[in-house]
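Before anything else, here is the set of structures, which you'll find just below.
After this come two complexes, each holding subunit A, first together with subunit B and then together with subunit C.
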Partner chain A sequence: MSAPSPLPRRFGRGAFGRGALGLVIGAYTLYTLGPFLWLATMSVRTTGEISADHYAWPRPFHWEQFRIAWVDSDFATYFWNSAAVVVTAVAAVTLVGAGAAHALARYRFPGNRVIYAILFSSIIFPPQITLISLYQILVDYGLYNSLIGLTLVYVSLQLPLTIYLLEGFFARIPQDLFDAAKMDGYGDIEIFRRIVLPIGMPAIATTVILNFIQLWNEFLFAVVLITDPDKRTLPIGIRSFMGDHFQDVGMIAAGVMISVVPVILAYVFFSEKLIRGMTAGAVK
Partner chain B sequence: MTPEARVSQEGRPAGLAAAGPGTAAAPRARAPGHLADPRRTSGLVLAVFIAPALLIYAGLTAYPAFRTIFDSFYTIEGLERVPVGLANYRALLADETFWIAVRNTFVWAFVAPLLDVATGLLLALALYAGVPFGRFLRVAWFAPVLLSYVVVAILWMWLYNYDWGVVNVALRGLGLGALTRSWLGDPSTALAALIVTHAWKWAGFNMVVCLAAIHSLPSEVLEASELDNCGWGAKLRHIIVPMLRPTLLNLYVLAFIGKMKVFDLVWIMTGGGPLWATETVSTYVYKRAFNWNTFDLGYPSAIATVWFGVVCAAVILLNRVFRARERLEY
Partner chain C sequence: MAVVRLDKICKRYGNAAGPVAVDNVDVTINDGEFMVLLGPSGCGKSTTLRMIAGLETISSGTLSIDGRVVNDVPAKDRDIAMVFQSYALYPHMSVAENLSFGLKRRRTDPAEIERRVRETAALLGLDGLLARKPHALSGGQRQRVALGRAMVREPMVFLFDEPLSNLDAALRVNTRNELIKQHHRLGSTMIYVTHDQVEAMTMGTRICVMNGGRVVQVGAPLEVYWEPADTFVARFLGSPPMNLFTVRAPAEAGALEAGAIRAPLPRWRPDRLGALAGREVVLGLRAEDLHLDPAAAGPEGGRIRGRVFAVEPLGAETLLAVEVPGGHECTARLPRHIRARVGETVDLHFPASAAYLFDAGSGLAIPADRPDAARAGALP
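Right, the complex of A and B next:
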C-alpha cells in the first residue's frame, strides 16, 4: 500500500457502497434518536396540541409543562425520593464494595477466591429468587414501604457488580506501592484511604456512574417494596401517573423528560466512562 | 520483598508472621503489629474490609434466596404457613399459564439475542469502516441502553399506538394501510413487538463491545485480506466473525441472561397480555405473588425457585457449550 494508513477501512467500495452505508447509518441514527426527540417535542406541548397533530413542532414552547409536572403532578416528590435513595445507596455500595474489593484483590487469605465467587455469582440470579422473600423480610422488620428499606435492597443489588469492577482494577495496582507504603509505616486502613482510593478513582468513578444510572432506572423492587404515593421513586411514579392519566400524553412526556435529565447529564459528561463500565467484562 | 521470603512465610499462620524471627523480612517490619508480608494481614483488618459486604450479601441476597426456596414447600397466606410438601411443584407442572410463560421467555431468550448481536456487529462494522462523525454516532447509538425500561416502554407504546403511532402512520403513508394493526393488542404480534423494543434498547451495548473487539484484532490479518482483494462480505464471513467468535458468543450469553429475567418492559407495555401472548416467567411470578386475588406467596416462590435453577443451569450449559471460560457480567 502506498499510503501508510493505519488500517485499511474500506468496507463500502465506490460511490454506491459509500452511499448505501451512509443511508443505513442515517436511518439507524434516526431510529435511535428519533423517538427520543419526538418525546422531547411532546414534553413542551400541551396535550390538546398533541392530539391535533402528534408530529408538529412545538409552537410556542410550553415550558410551563415542566412546572406543572414538577409541582402539580408530584414529580418533584418522586424526583427527590429517587435522588435520596439512589445517592445514599450508591455512596454505601461504593464504600462497602471498595473495601471488599481491596481486601479480595490485595490480601492472601484462605477462602479469598471462594468469597469472591460467592459474591460474584449472584450477578446471574433472577431477581424473583430474592424478591418475594425480601418483601416478607422488610415487612417483618418494619422496613416495607420505606425508603430506607429500598435503599438497603439497592445496596445489595449493586454490590456484586461493584466488587467485580473494582476488584479487577485494584488487582492491577502494582504491589510495589503497597510494599513501599508498608515500609513507611502505613497501616492497613491508611493504605486503603491514601493509596487504593486515590489510585482507584477512575474505576470508582465508573462504578459510581454506572450504579447511579442502574438504580435511577430500577423498577421491579421499587414497585414491590413501595406502595405509599409519597414514597414513590421516579420510575414507579411515572408509571402510576400514566395509569391514572392515560390520555395526558403531554404531561407524561414532561414527567419522562424530568426523569431522563439526570441520566442525560451524566451521559454527556461521562459517556466514555459509562460505556467502558457497562461493557467491562464483555470484551474478550 | 524477594520471592523466596514470600514463599518462606506462605505456610505459617498469618498471626505469627510478624512475631516470627529469623526470616529475611522480619527486620523490615518496623512497628509491632505490622505484618512482614504485605500480601497478608490480620483477620481483624480483613473483617473490617469484607464483613460489611458479606453481611449485606448474607442478609439481603443469600438469606432471601434460601427463604424463597424454603417457602416453596409451604402455602403462605399472611401469617399462616401450611407445609404442603411438593404440592406447589405438582401444581406448577399442570399450570398451563406457567408453560406459556416458559415458552415465551425461551423464545425471547434464545432467538432475540441473535437479533441484538447481529445488529450490534453490523453497527460496529459500519463505525469501523470509518464513517464521518464516528464518535458522535457511537455515543448516539449507545444512548438507549441508558434509558430506563419505564421510559422505553412508554415511548414504544406511543410508537405502536394504533391511531397515531409512528409505525401505523408510516404504513398508512406508504399506502400499506391494510397492514396497520394494534401491534401490542394483537396476540400474534405482541411478543415480536416487545422483542423489537428490547433489541432497540440493547443493540448499542452489543455495538460498543463488538467495536472494541474489532479494534483489538491483529491489523495484519485485515491488511492481508485487503491485499488479497477480499470483498467485505467474504471478509466478514471468513475473518471477522470467526475471529470475534468468543466476543459474539459471550454477548449472546449476556443477552440470554438478560432476557431470561425480562420483566419491566413487559409489565408496563402489555402486562403479559393479550391472552398471555407476552407473559414471561418474571411477570407471572409477580402476578401470582402481588397482583393476583389469591395472596399465597408459596406458589410464586416455587416458580421463582424453578426458574432460578433453570437460569443457573442454562448459564452453566451455555458456558460449557461455548467454552467461554472467562468471567461474565450480569
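Right, the complex of A and C next:
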C-alpha cells in the first residue's frame, strides 16, 4: 500500500478536497487566461465589430486579419527585424555571458570581485538612465537607427544579469570535476565546452528564455533608437496602429497574437530546463 | 611504471612569507610501490598529492617522475591518473563516456578505446552499467567507475585522494580489498592519501606519516607502528592510541619508578639511561601490551596501578580506562571476559620489552639499544 498523500487529509474527504482544489486552480487559470482569450477573439474580429460589442463571439471569423497584418501592414518586416535583433542578441549574450560567468566563478585573478561588483551594481540601476548616453554613443559611431546598433544595446542591457545568474550556478559546479578533466588531459577551453556548458545547461536555458522574452517585448530602446519604419521591431510595429484619434484594435490584437507565437514556442522548448534551472540547488 | 621523487618540496600560499602548507617534503616513491600519505586533516597530505598531480603549483623543491623534472609540466602531460574523494564523475555523461573521456583526448584509436572500456568494466563488474548516468548508480558503483576511469588510461602513476571516505563501513572493506587486488594485478606506482590508519596499515607498502606540513616518518606499516619516530606517530597509529606518561628519569639506571608506575627498561644500555637521569622523559605503552594477569607480562615485567573509571565492552575485547595518580590516564585493551568494576583499583602489567621512551621536550623517540625480539621477527 502506498503512503497516504497529505493533501486529502488536509482537505477533508478525498473527492471533495480534490474537487475544491480543482475549482480554485480552474478559477485562477481562467483569471489569467481570460484576457488572452479575449484578445484571441478580438484578433479575428474587425475594429467595427469590436466597437459594437467588446465581448461578442467572433461571427464570422475574420482570419484575413492575420493576412492583412502580416502582408499589408508590414508585420512580416517587423517580425523578421525582431527575430534578427533578438536572436542575435540572445546568442551573443549567452556565449559572452557564459564565458564571463565561468571566468568569474572559476579563476582567481586580481579584480575578479571588483568586476563582479560593477556588474551587479549595473543590474540595480534602471536601464532608462543610460538612454541618453547610449543614444549619443550610437549617433557618434553611426549606429543610430540601425538594427546592429539596437542589437549591441540589447547585448549590453542583458549581459550583467546573465553573467550574474550564470556565475551563481557555475560557482556551484564542484572543483573536482575541473581537476578530473584536467587530469584527463583537457585544456581550459575544452573544459568550458565539454564540462561547464553541458552541466550548466539548465541555467543557460533559463537565461536564454528570460532574455528572449525580455528583448522580444522591449519597447523603450527600440522606439528611441530606431526611426525608419522598415527597421521597426514588433512592439514598435504594433504601436503604429495606435493613432491620436483612432486605434485599429482588431489589427493590434492580430499583431499581438502573431508576436506571442515565438515566446510561446521558446517557452515550450525550454520550459523543462527553465524549471530545473530555477529550482537548481533548492532540493538536495 | 615510475619512480616519483619529491625533493625538498614546499607549498606556500600567497607570497614568500605566506602560510606554509607543505614544508620540505623529501620522499621517494619506488616503482610499483603503494605509498600511503597518512596524517590528520590539514597536515598537507592532500596538497602534496595535488602537487604531484599538477593541480597545485610547487613553491620550491623538485618533483621528478622517472628522473624527469615535472615541476612545470601541466597536469595533462604528466601521465598520472587520480581518483577523487568525491569521485568527480561527469554527471552528464554515461559510465562508458566517463571511462573513455580521457582516452578520447589522447586520440586513442576508437576500437582500442572500446576494448579498454569493456575490459575495465568487466574487471570492476561494471558491464551492465555502461549506459547509465552517475546519478543512477550507488555509492560503491560510482567509486568503481572513478577507479575504472583512472585504470582505463593505464597511467604511469595512480593518485588516490581519500577515495573510500564516502563509503559505508562494509563497502569500505570490500573496496579496500579490491584496490589491493588491483595494485597487485597492475603493479603500478600508487600514492594514496588517507587519515584512516586502518587503510594505511592494510594497503600501504610503505606509509609516509605527515604532520603540520612535514614528513614525520616513512616506513613499512609495522615498522612505523612498532618503531614510531615520535609521540605524534605513536599516538596517531594504533587504536586506542599509545598511552604516554611524562615522568622524571631516575638517578639509578635500569628502571623508571614514578609513583604508581614501575617500568624496567632492559632494552636501553644502563649508561644511556644514566645520561637521562633527572630529565623528564615520556614512557609509552601500547594498550594491547597491558594485562591484568601478571603472568602475561613475564617475571621482569612492569606495572601501573590505577583506578578504573570506564569499562567499554566491545564484544571481541574490552577496553579499560584507568586513572593513574600523577594526572595520567591510560587505556588497556583486554580480553572480552575480564571482570572489572568502575572505581576498583587495578594493577596493569606489561612485558619489560613493551616500553617506549621519548624525549619530553622534542617528543622524539629515544631508540632502544636492543631490539624487541618478538617484534623484530615480524618486521620486513
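Everything that follows uses one rule, which is that the second predicted complex is superposed on the first by the 232 of 284 C-alpha atoms of A that agree within 3 Å, B and C clash if a C-alpha of one lies under 4 Å from a C-alpha of the other, contacts with A are read in each partner's own complex, and residues count from 1 in each chain.
Basically, a residue touches a chain if its C-beta (ideal position, glycine included) is under 8 Å from a C-beta of that chain, and two chains touch if they have at least 3 such contacts.
Nothing here was measured: the structure is a model prediction, and the numbers come from that model.
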item	value
Which of subunit B and subunit C A:225 touches, first, second, both or neither	neither
Touched partner set for A:195, first subunit B, second subunit C, both or neither	second
Subunit A: partner with more touched residues, subunit B or subunit C	B
First, second, both or neither for A:128, with subunit B first and subunit C second	first
Touched partner set for A:209, first subunit B, second subunit C, both or neither	neither
First (subunit B), second (subunit C), both or neither touched by A:182	both
Subunit A positions touched by subunit B in one structure and by subunit C in the second	179, 182-183, 185, 187
Contact footprint of subunit A on subunit B as seen in their complex	1, 14, 28, 30-31, 34, 38-41, 43, 45-46, 48-50, 52-54, 56-57, 59-65, 67-69, 71, 123, 125-126, 128-131, 137-151, 154-156, 158-159, 164, 166, 169, 200, 204-205, 208-209, 212-213, 216, 219, 222-223, 226-227, 232, 235, 246-247, 250-251, 254, 257, 260-261, 263-264, 267-268, 281-282, 285-286, 289-290, 297, 300-301, 303-305, 307-308, 311-312, 315, 324, 326-330
Touching residues on subunit A, where the partner in the complex is subunit B	1, 6-13, 21-22, 24-25, 28-29, 31-33, 35-36, 38-39, 54-55, 96-97, 99-100, 102-104, 106-109, 115, 118-120, 122-137, 152-153, 155-156, 159, 161, 163-164, 175, 178-179, 182-183, 185, 187-189, 192, 213, 216-220, 224, 235, 238-239, 242, 249, 252, 256, 259-260, 263, 267, 271, 274-275, 278-284
Contact footprint of subunit A on subunit C as seen in their complex	50, 53-55, 74-77, 80-82, 84-92, 101-102, 105-106, 149, 153
Residues of subunit A that touch subunit C when the two form their complex	174, 176-177, 179-187, 190, 195, 198-199, 201
